[in-house]
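For clarity, chains are labelled A, B, C and D in written order, and residue numbers in each chain start from 1.
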Amino acid sequence: MKSPIPDYLHHVLETARPNEGGAAADYIETLANADTSKMAICLSMVDGNVYSAGDDKIEFSIQSISKAFVYAIAIEDAGLDQVLSKIGVEPSGDRFNQLSLERNTNRPMNPMINAGAITAHSLVVSPTATLDQRTERILNALSRLAGRQLHVDEEVYQAELKDADRNMAIGYMLKAAGIITCDPQEAVRGYIRQCAINVNVQDLAMMSAVLANAGVHPVSNEQIIPQTSVRQVLSVMTTCGMYDAAGDWVSSVGFPAKSGVAGAIIGALPGQVGIATFSPKIDERGNSVRGVAMCQQLSREMGLHMMDASHVARSTVQTSVSTLVEGEHKTHNGSCKREVVVFKLRGAVRFPGAERLTRALARELGQPDPLDEGSGSHADACGIVFSFRDVFSLNFIARRLIHENIARLLKEGKVLVIIDPSEVLEWDKAKAKDGRHPKVVDNETEARDYIGGTGCQAVSQDPEW
Amino acid sequence: MKSPIPDYLHHVLETARPNEGGAAADYIETLANADTSKMAICLSMVDGNVYSAGDDKIEFSIQSISKAFVYAIAIEDAGLDQVLSKIGVEPSGDRFNQLSLERNTNRPMNPMINAGAITAHSLVVSPTATLDQRTERILNALSRLAGRQLHVDEEVYQAELKDADRNMAIGYMLKAAGIITCDPQEAVRGYIRQCAINVNVQDLAMMSAVLANAGVHPVSNEQIIPQTSVRQVLSVMTTCGMYDAAGDWVSSVGFPAKSGVAGAIIGALPGQVGIATFSPKIDERGNSVRGVAMCQQLSREMGLHMMDASHVARSTVQTSVSTLVEGEHKTHNGSCKREVVVFKLRGAVRFPGAERLTRALARELGQPDPLDEGSGSHADACGIVFSFRDVFSLNFIARRLIHENIARLLKEGKVLVIIDPSEVLEWDKAKAKDGRHPKVVDNETEARDYIGGTGCQAVSQDPEW
Amino acid sequence: MKSPIPDYLHHVLETARPNEGGAAADYIETLANADTSKMAICLSMVDGNVYSAGDDKIEFSIQSISKAFVYAIAIEDAGLDQVLSKIGVEPSGDRFNQLSLERNTNRPMNPMINAGAITAHSLVVSPTATLDQRTERILNALSRLAGRQLHVDEEVYQAELKDADRNMAIGYMLKAAGIITCDPQEAVRGYIRQCAINVNVQDLAMMSAVLANAGVHPVSNEQIIPQTSVRQVLSVMTTCGMYDAAGDWVSSVGFPAKSGVAGAIIGALPGQVGIATFSPKIDERGNSVRGVAMCQQLSREMGLHMMDASHVARSTVQTSVSTLVEGEHKTHNGSCKREVVVFKLRGAVRFPGAERLTRALARELGQPDPLDEGSGSHADACGIVFSFRDVFSLNFIARRLIHENIARLLKEGKVLVIIDPSEVLEWDKAKAKDGRHPKVVDNETEARDYIGGTGCQAVSQDPEW
Amino acid sequence: MKSPIPDYLHHVLETARPNEGGAAADYIETLANADTSKMAICLSMVDGNVYSAGDDKIEFSIQSISKAFVYAIAIEDAGLDQVLSKIGVEPSGDRFNQLSLERNTNRPMNPMINAGAITAHSLVVSPTATLDQRTERILNALSRLAGRQLHVDEEVYQAELKDADRNMAIGYMLKAAGIITCDPQEAVRGYIRQCAINVNVQDLAMMSAVLANAGVHPVSNEQIIPQTSVRQVLSVMTTCGMYDAAGDWVSSVGFPAKSGVAGAIIGALPGQVGIATFSPKIDERGNSVRGVAMCQQLSREMGLHMMDASHVARSTVQTSVSTLVEGEHKTHNGSCKREVVVFKLRGAVRFPGAERLTRALARELGQPDPLDEGSGSHADACGIVFSFRDVFSLNFIARRLIHENIARLLKEGKVLVIIDPSEVLEWDKAKAKDGRHPKVVDNETEARDYIGGTGCQAVSQDPEW
């Protein structure tokens, strides 16, 4: 069986193709001479699987899309605080090459307009670095993201350099305002060089997938960008990525994106997919006309809008309670029913999942509530099992909540066994309150054995453990 | 065991309490006299479970938070196209009560500034409706969202009316621009009346949970707001909800929110939770100082930032392949191996889940690829089972992809059984290509029986089906 | 002989007539139905002589031209300081009906945009006056300026009232900002009523001539507007009168002006002439197309540009020195030459004239300077005459300088006679230093007699006195 | 007698001295180290007479005051049309170093902000000129205006160059917008060099006096700047000279002015006087604090406000009618009364003067009007004399009107004699209609002789001719 996904992407491509609006950027010849019949689209899954259609090997200069990644590099090299003190995060409502700074702070409005991007560039490596050092740093970082060695298109670089007056104006403005401290000519040349790096849609989709994958490279599984930087970059792409129509993009497409004047657009939907499209004709805002159309279609048809909830939480985690009735039993703590209650979680557990576990614990193990039939039915169970076998990850609050639940149950004298082969719970014996700890085991057999040993002779009928 | 969640919320409350910044709004006496020692926080899970801490029964006027919900009502009553033709979706960077309209279109920048909110109000029911009709419509809708009957605070309404000059200016501006067509005095009075509806944090959290739950009321499970409206409202809250610092809010908090001048803030994280906080002291932008602090803490500690991916997709769906070797078998279609391959999905399946199924199908059932060991190992299987028993929902693209997979397998002459007790697949016999259909059954036993009948004598050892 | 001036105005009219640009204002029917073939021009000299051409009896609503005169009335009724605290004087670069106030001060930018004009209206009579009181005050003042009883065009008033949403918005904005304190509806209605007063070009030219004549009515010779108000009004007309192109108007036309949407324009060149034109078709700024053309032609051909100096000063005043040789003479102060030196001024003497007199005094009556042949030649004259017979006026600095000259000469013991039949010198005996006074007489005969009596037997050969 | 004018200027200086507001510009050391106790004031009359007080020989860099004069040079070198296509004339309401251009036209708002001044500089000599050529041109022109050789302060130049980032930004912005076509670095360096030219208040007052004197140098009497350029420069100084408070300056001071960051201010009142003040402490707008105070005092006390009319026109010209009764006389044209009517003008005759003459002619020589007693009393006079002996100049419209009057009188067969020793009438025989010409003579005797010869034996008793 052949995968229908490439067929679908082909369909998206052909749906957008008849749109003849826009024109290739004409401020430099290389862009003006682009073959406007070329089109491509590429998706990269967060596990590295890649689908593409159209001219997916055609190279073009990355242009403003580099801004998103160089912003991440600047955060890494200068620290988020320093970056935030130099570059704002507000949508500007202005043209990308606006000669303006925020009232009061003097900062460029955001890193996606040229002023902010030149500033971000100047923070790469260090404020005293040379143009070559910064170029090397950026080229290496982008190559690592793309998963192959990228190169500067020298023709594009030279051409852009000849038409750099506006950017030079921005550079000197930034210097005058004390935002950049290096030579404006160096900063602008370096920025232009970064924009002239050649990529294809497969490179861009992979780079975007790193953002979608919380900074971890889908193929190498290395954490290339720290998670906080990813959050920052995606946030700024959300409100400032598509120039002067932030609100329109968020409501009609709904995933963080960035466009380049050569005709590419990238998108990243956290946890799902990295996207790249290419078609050289751009609209008056500088966004690829067909690229925007393809992104809108993908968002609509693939449900990629980040405000489309579709009951994610309910399904992400499921709590099941299994009871193994065994009659009464005497423990050191008084008498208990000879039963073991099992609570299972699965998936990537965030607050809602942990909340459900918490609720189930309170309901099943608490006192019976006359208004809630069935509540408190296991109040006297002497053995409790948490199974995290199918849990992929816990986030901060989920872990904190579960830790707290464990502490409370132990305080009540419950026998508690945790099945956690992947150690997602990160139970730290040193930190546990009162020196009380649950038993942590790797599988159901060990859990059964342990509970048996405590006297809570539980024999499960549950086929799952 | 007592749930630690209320304790956590109490902790959040107390962490924010020492912040004495800001002051109660003083433009009307009722607000100026607010007891600034009062604080509350409330979370409503998307299944209706509610946690709160602090003064969670204290009532206050909903104020600008009404804008988000009345925008949804306007979309329902006038249609999204009409609403978009009258109200933009761009962040303004301006004060909430700015006297300005978009260049060219004359529209208010967005529905979260007063000009847009008054316009949205004027679209409720119909442009020719009376003030009373609109008030009744809004009061009913908000009461239904909150799950209890709400009321207008007449004292607040009368006081606001006396100080309504700025809003009257906005109303007349909108009339002059042709944006509203009714009497400006009526529209402004109605808008002020909508802002004077009294709520508490539990009401607001529940109302937000409807937004987080794709428009379905967590308690009644009714679809109160159409899903497209929810997407629109949340999108606009994302970029325009917290007034003139859209980018700062998105990057530092990262969930759609809206604040009111009485000191409340709501937040909604799609698929997860509805949030409400209350503390009367507001900053110069009109946002509750402690409310903002609490939202930041929740975002940070609870991982509520929408750009925090945390590998959601990988875990949401898992594809398992079970093979039941039974030797060769002759079918009408030639010979096949007497084995059945089972593909299981679980959770809320979106594109990434369907993509994984598709990939597994292509790998397992396709021709062997010398570069991919193990690929094509089941190319000759005569029975295939898709189990959707644990699937909560499919979105549009997932369903479309799976339909396409089914069609392709049927075309290849495979025996295909679908276990789909909840009918999430929505297989439409009328629309299927070529009249070919899979067998759809409710459980594993039926699937086994059917395959047995086809001659593919499969006996599963898999304990899971 | 028939005056060619009406012929010239007719020529100006016909030169502008072929310009078919613009269109009659169409926001109310009365203006939209204006007969656009009508045209008129009128000049009023500062002595009340009036020339006109075209449809000089056609009446039309005064509209925004009223702003200039009501600003003057507001200054009279509320005081300049109060008016300045409420209304700025800066050109706005914005549309006349802009909904904006000065940052920081909250004041309307200037009294020529609607916001400033409504504010000025609200200051007429008193902030607590009724609409009728203000209307009566304005109607009376404008009638007095025009020299005939004017009336409100009730049809225009009613029509404007129906289309007053924008102005109502402005009114409420001003109330909200604390700029106006009365009911915004009253202020706006009163403002609209003031704009609906009917005039013809002869009325307007006469009203402008009052401004050109330093506030004195050319016909009645009454001081209708205080001189400081006139200066303020003309200053504001210079920078703000022709809406959003202050600089263009000043450089291309160069006299203070104000236009009205009904098609009229007034201009006033201080000391020279009041101008009014009428032609209903207006451009997108709201200025009459043909009116602007006529003003430009008048400025160019009639030399009305206020920056066109043309040696005014040299000619305005001339200082002649007449000496009447009479031989030696003994006075109480020692001996002097029996000669009398006469200094004559004429015209409106300002600083340059007084400076010339001062310079002549210093040269003629001072000590001989070897480098300046002829200087000091009358150092020993015993009689000095200042003739102000032909002096029309002295300004502050000229009077001050001459007083100082007189004081110094008296201190030197000179016999000094002032011929000043119009008392332009305003010599105040009470204030003179040291009780020393010159002899002030009405004509040459008295001067001659007086000097004769002092022993300086001067017999003039000068035919001029 | 000693002139009190220096004393007055001394008084103005001392009145302003206690004002300790502001601070010396501190962006370069030379300015920061300025001796802030230095103060000077200087007036230059339009005939070259100069008065000064204080530190009138102290030199300082001309800074932005150069903008006014270089604008004039640019108009001379590139033509007004070209200059207007590159630089607007609107007040900006912005800071002097704003990085902004006019919407639509891309032009700098006006030549008094840096962007406009750099553009004007680039138009000096030619767009392809070198920095040295432009500097030489400007230095020569400014030296000629000042009446002595000026020099660049190299220390100031070098220091400003080091702090030129903001201006470099402006230069590149202008290049990018196509406003300047030369190398931005050259344009900015040249501009900085022009600003570093050293002057003292006497230089500046003389330079301003050229502007006040319609472009004619007060001392050399050469036309240094064409009159149309002067008008343009003064117009722009009026609306844009004092940065972002055009309206305030026009209403409170009322003469065209320009300030420089080194602490100087120049002013020019057309036809009257050139003004310069100096005091290094500047306010936040960049205007000298004491300089502004001195200008306000001069305006108030010396009546220098250009909107202060003071009846200039009435006095500038006076028309007297002298009749010499002689009984009946037969002429070729019928019989006439043996009388000669004499019309005299004096001063600088503009429209109002010519209008009065015209009116007098029509009244005296036209048919009797029953409503106007005395009118038509000389309808039958056979000799008419126009005396221009005391006329200093005629402007265009005055000349045109008088020519037309002459033509009409000749057509009626009147004997007409013009006394015009200075040839102000510019009667062009070639152009006269119908070949009819008046007799033009140099003095009264010739006029009398000529009329006697025509048979109109007029013997004047009038002592004035």
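Following the convention adopted for this analysis, a residue touches a chain if its C-beta (ideal position, glycine included) is under 8 Å from a C-beta of that chain, and two chains touch if they have at least 3 such contacts.
Listed by chain with UniProt protein names: A, B, C, D = glutaminase.
Computed from a predicted model, the values in this text were never measured in an experiment.
Peer 1: Measure off the straight-line distance from the CA centroid of chain B (glutaminase) to the CA centroid of chain C (glutaminase), and report it in whole Å.
Peer 2: That pair's centroid distance is 69 Å.
Peer 1: So, what's the distance in Å between the C-alpha centres of chain D (glutaminase) and chain C (glutaminase)?
Peer 2: 19
Peer 1: Roughly how far is chain B (glutaminase) from chain D (glutaminase), going centre to centre by Cα mean, in whole Å?
Peer 2: 71
Peer 1: Residues of chain D (glutaminase) touching 2+ other chains?
Peer 2: As it turns out, chain D (glutaminase) has no residue touching two or more other chains.
Peer 1: For the protein chains shown, what form does their contact graph take: line, ring, star, complete or other?
Peer 2: ring
Peer 1: Would you mind giving me the full set of chain pairs in touch?
Peer 2: A-B, A-D, B-C, C-D
Peer 1: What residues on chain B (glutaminase) touch chain A (glutaminase), complex-wise?
Peer 2: So the residues of chain B (glutaminase) in touch with chain A (glutaminase) come to 1-5, 7-8, 45-47, 49, 51, 88-91, 93, 110, 212-214, 227, 230-232, 234-236, 238-240, 245-248, 250-251, 254, 256, 270-273, 301-316, 346-348, 350-352, 355-356, 358-359, 361-362, 365-366, 391-393, 395-398, 400-401, 404-405, 408-409, 412, 463-464.
Peer 1: Tell me, which parts of chain A (glutaminase) touch chain D (glutaminase) in their complex?
Peer 2: It comes out as residues 99-100, 165-166, 168-173, 175-176, 184.
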